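Next come two complexes, and both contain chain A; in the first it sits with chain B, in the second with chain C.
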Partner chain A sequence: MEELKKKLLAYFTDLTIQIHDDYRMCINTQKETVVSLLNYLKNMGYEHFALLSCIDWIDKGEFELIYILSAYMEVCDKYQEKEQGIIIIKARISRDDAKVISVINVFENAEPYERELHEMFGIKFEGHPRLTPLMLEREYEIPPFRKDFDTLKYVDNTFGKIPSIEERKANYERT
Partner chain B sequence: MDRNQISKWFKNPGKMANKYSFHVVYFCTGCGIIEIPPSITTRWDAERFGIIPVATPRQANLFLITGYVSTKTLKAIIRTYEQMPEPKYTVAFGSCPINGGMYYDSYNTITSLDKYIPVDGYIAGCMPRPEAIFIGVTHLWKLIDMDKADGYKRYRRDYKFYRANQEQLFKELGWPPLFKDASL
Partner chain C sequence: MRELELFFGPQHLGMVGNFSITLKVEGDRILKADANPGFLHRGFEKLMENRTWMQNFPLVCRINVVEPDHMELIYSMAVEKLAGIEVPERGKFIRSIYCEMARVGSHLFGLWAYANMLGFDTVAHWAMYHRDLLLDLFEELTGARVYHIYLRPGGVRRDFPDGFTDRLVETLHKIGGKVPDYNATFFENSIFKKRAEGIGTVTREEAIRMGAVGHTIKATGMKYDIRKIEPYDAYDQVDFDIPVRTGGDAYSRLLTIRDDMIESVHMIFKLIDKMPKSGEVYTKTPNPFKWTIPEGEAYVRCESSRGELGLYIVSNGGEKPYRVHFNTPSYNHGLTVLEKALVGESVSDVGNIMISLYVVAPEIDR
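On to the complex of A and B.
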């Protein structure tokens, strides 16, 4: 991990790196460097793209994208592959125009994650071939995982406004 | 068989046969489906009560709504319910179909199921144990004896109201109405 940190700091300029528990590395970076950083790490042997997730920091007006990489074990008889741990890459983007370059060219399995984030947070991934709905049935004014989406109000407005059968029947008979 | 019930068999054989042979749609709507495999297999042998899961809704007459219902699942539930032959009974599991349960403020989970399809009985709990399923089924027997499990009759009678509720939620349903005069 320490060697990798030195290499990364020599190669990239705008990184801040912390190492937790000997095998977990956390890299804070800018959104422009993410693709080249992922490409570099993939060549270093971190070939498993485990997760792409997002956090909504509404007070700062930012989304934090989180990419998690890990490596496949090369030596199976030794259980102490401390050198190849987990790498967490964090990049912040603005909340108002949420745009980021897609990482599909580097890791192909990022496609469903990016579709999900587009659906749930409204982030636009430039270069993604199809940002169509993946899970949700209906369309929302604000994407539902954003912090300013008021779930209780939404429930009251959609599901709460539907009358029960008895009410509807009574209304129908009255008119 | 209970000897007291012989007169019932002579009086209304169709109802009694219907009552003791529930064919359940094997439909996983939510978390509660995890209770179904132990209750139909050897530990709590559901076939003692005449309950057997079947593959298609065309052969079934009991619909167990197991757990929370998201809007996408509700569409499938309505279609499955409309495909089942009459007489058909619906039993909803857990607290989520009653009033939303722990998903009361979810953006994608409906809060009460009986606005969209008729429900004959609820089994409360989160989740109900397999014993509770059997108690619920024996209650359903009593309801059938008293002709109170009339969900399918209500659905036929009030179809336009149910259809109006479904259309209010989904804006556009992708299938034609099941019965005639479906519009309000």
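On to the complex of A and C.
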């Protein structure tokens, strides 16, 4: 992993890299670099796109995109050497203007992940062929996985308020 | 010939689970397939942000209905990693035995679904009966049949009851004694072979490109298993093999699943032999109502019966998780691999291919 770190730092300028003890490499970068970085790592053998996730840091007004890569390992002897671990790539984008370039040209299976994030967080992935709803059936004013979406308030407004136990007791005694 | 749009599922006899596929067909051939999930979306990842670390267990185990145990395991592993908790040695072995039991049970359930779908009712009934025998053991151990909530951060809830391992070995021998019958009626039956061979083929290159894991990639000859790559619990202390095939079609996938089940049973015997005879089974954790976990993030993974299962979890130092994201194996298989594997196949094989890819709808929706 140390070798890969040296290579990456020589090739890209705007990276900060930390290596954790359990073979996790954490790379902080800018959103413009992500596609070329993923391409580079794919050619280095990190072919398995495991996860694309997003964190809503509402206090800072930013979304943090998380790309997780690992390697397919085939030969049993190689398991013990553990040269290749997991790479976690992080890029921050502004919350008001949530736009980022799609990575489906690099990893084909990123497609449903990007569709889901578009639906749940309202992030627009430029170059994605079908950003249609994946899971939800209703339209939401605020995308539901954002931190300012209040689940309880939404349920009360949409489906009617559920009376408290005291109110229900009072109603029961009255009838 | 005229092109037609065909809605396959969720109310279709060939569909297992709450899932739907929109097919574009010409005659009997499929030209294009669009997976359409979301019939079971419960927003667990959002709900978990509003519950304390221990309160999340009843939600976590309901993500996958067929095998809740690996979901409990991955969540416990993530919390342990964030909070820096170690599991005692005997606890590790109990966890591994419990997860292998869950794997056998889940494969038997999958076998039921597959045999039932193809009309092999006898085999389906055997599989369901044998799964029930395992559920009886789960009930004795944990008090529940399906959603056990037996694992917890720091170990397991309680030790094995007296004589439990003997009864477990007896039950597994009873199931194992039926393997020749399963082979004769199902796996080596020429009717089944004709139905499954050459169907839904995924080559090695396609599987890698589309991020396949589990049996889909093992059926193309690649020994990709997290239990070997990144050993957790007691898996580094026993010897086991990873069964693979080279065909890449539905038949190869089914044989991989059968071999995996047999390997799991053998592994349980080895684990019972090596298990420490006494000792603690869990590390004490703080009061769950006041438990705060230090700030940080973790990505953990384990091998569930469907393939690599991952969990990305973030804590901001509070009593609740800040963000939880499950990377479930069915997500790739159901939304990417399935859409590609269906193109060019016959309409009558849709359910066949879907179950052979081992897609479980609740795992996609979460």
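Throughout what follows, the second predicted complex is superposed on the first by the 155 of 175 C-alpha atoms of A that agree within 3 Å, B and C clash if a C-alpha of one lies under 4 Å from a C-alpha of the other, contacts with A are read in each partner's own complex, and residues count from 1 in each chain.
As a convention for this text, a contact is a pair of C-beta atoms (placed from the backbone, for glycine too) under 8 Å apart; a residue touches a chain by one contact, two chains touch by 3 or more.
All values reported here derive from a predicted model rather than from experimental measurement.
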Touching partner for A:162 - first (chain B), second (chain C), both, neither: first
Contacts of A:49 with chain B and chain C, given as first, second, both or neither: second
Touched partner set for A:172, first chain B, second chain C, both or neither: first
Partner chain(s) touched by A:137 [first = chain B, second = chain C, both, neither]: both
Touching partner for A:154 - first (chain B), second (chain C), both, neither: first
Which of chain B and chain C A:10 touches, first, second, both or neither: neither
Partner with the higher number of touched chain A residues, chain C or chain B: C
Chain B and chain C contact sites that coincide on chain A, given as residue numbers: 135-137, 144, 149, 151
Interface residues, chain A side, partner chain B - complex: 135-138, 140, 144, 149, 151-152, 154-155, 158-160, 162-165, 168-169, 172
Footprint of chain A on chain B - complex, ascending: 70-72, 75, 100, 104-108, 110-112, 114-115, 118, 154, 158, 161-162, 164-165, 168-171, 184
Complex contacts: residues of chain C adjacent to chain A: 37-38, 41, 43, 45-47, 50, 208-211, 213, 217, 222-224, 228-230, 242, 299, 301, 308, 310, 312, 314, 322-323, 325, 327, 331-332, 335-336, 365
Chain C contact footprint on chain A (complex, rising order): 23-24, 47-51, 53, 55-56, 66, 68, 72-76, 79, 86, 88, 107-109, 111-112, 133-137, 144-145, 149, 151
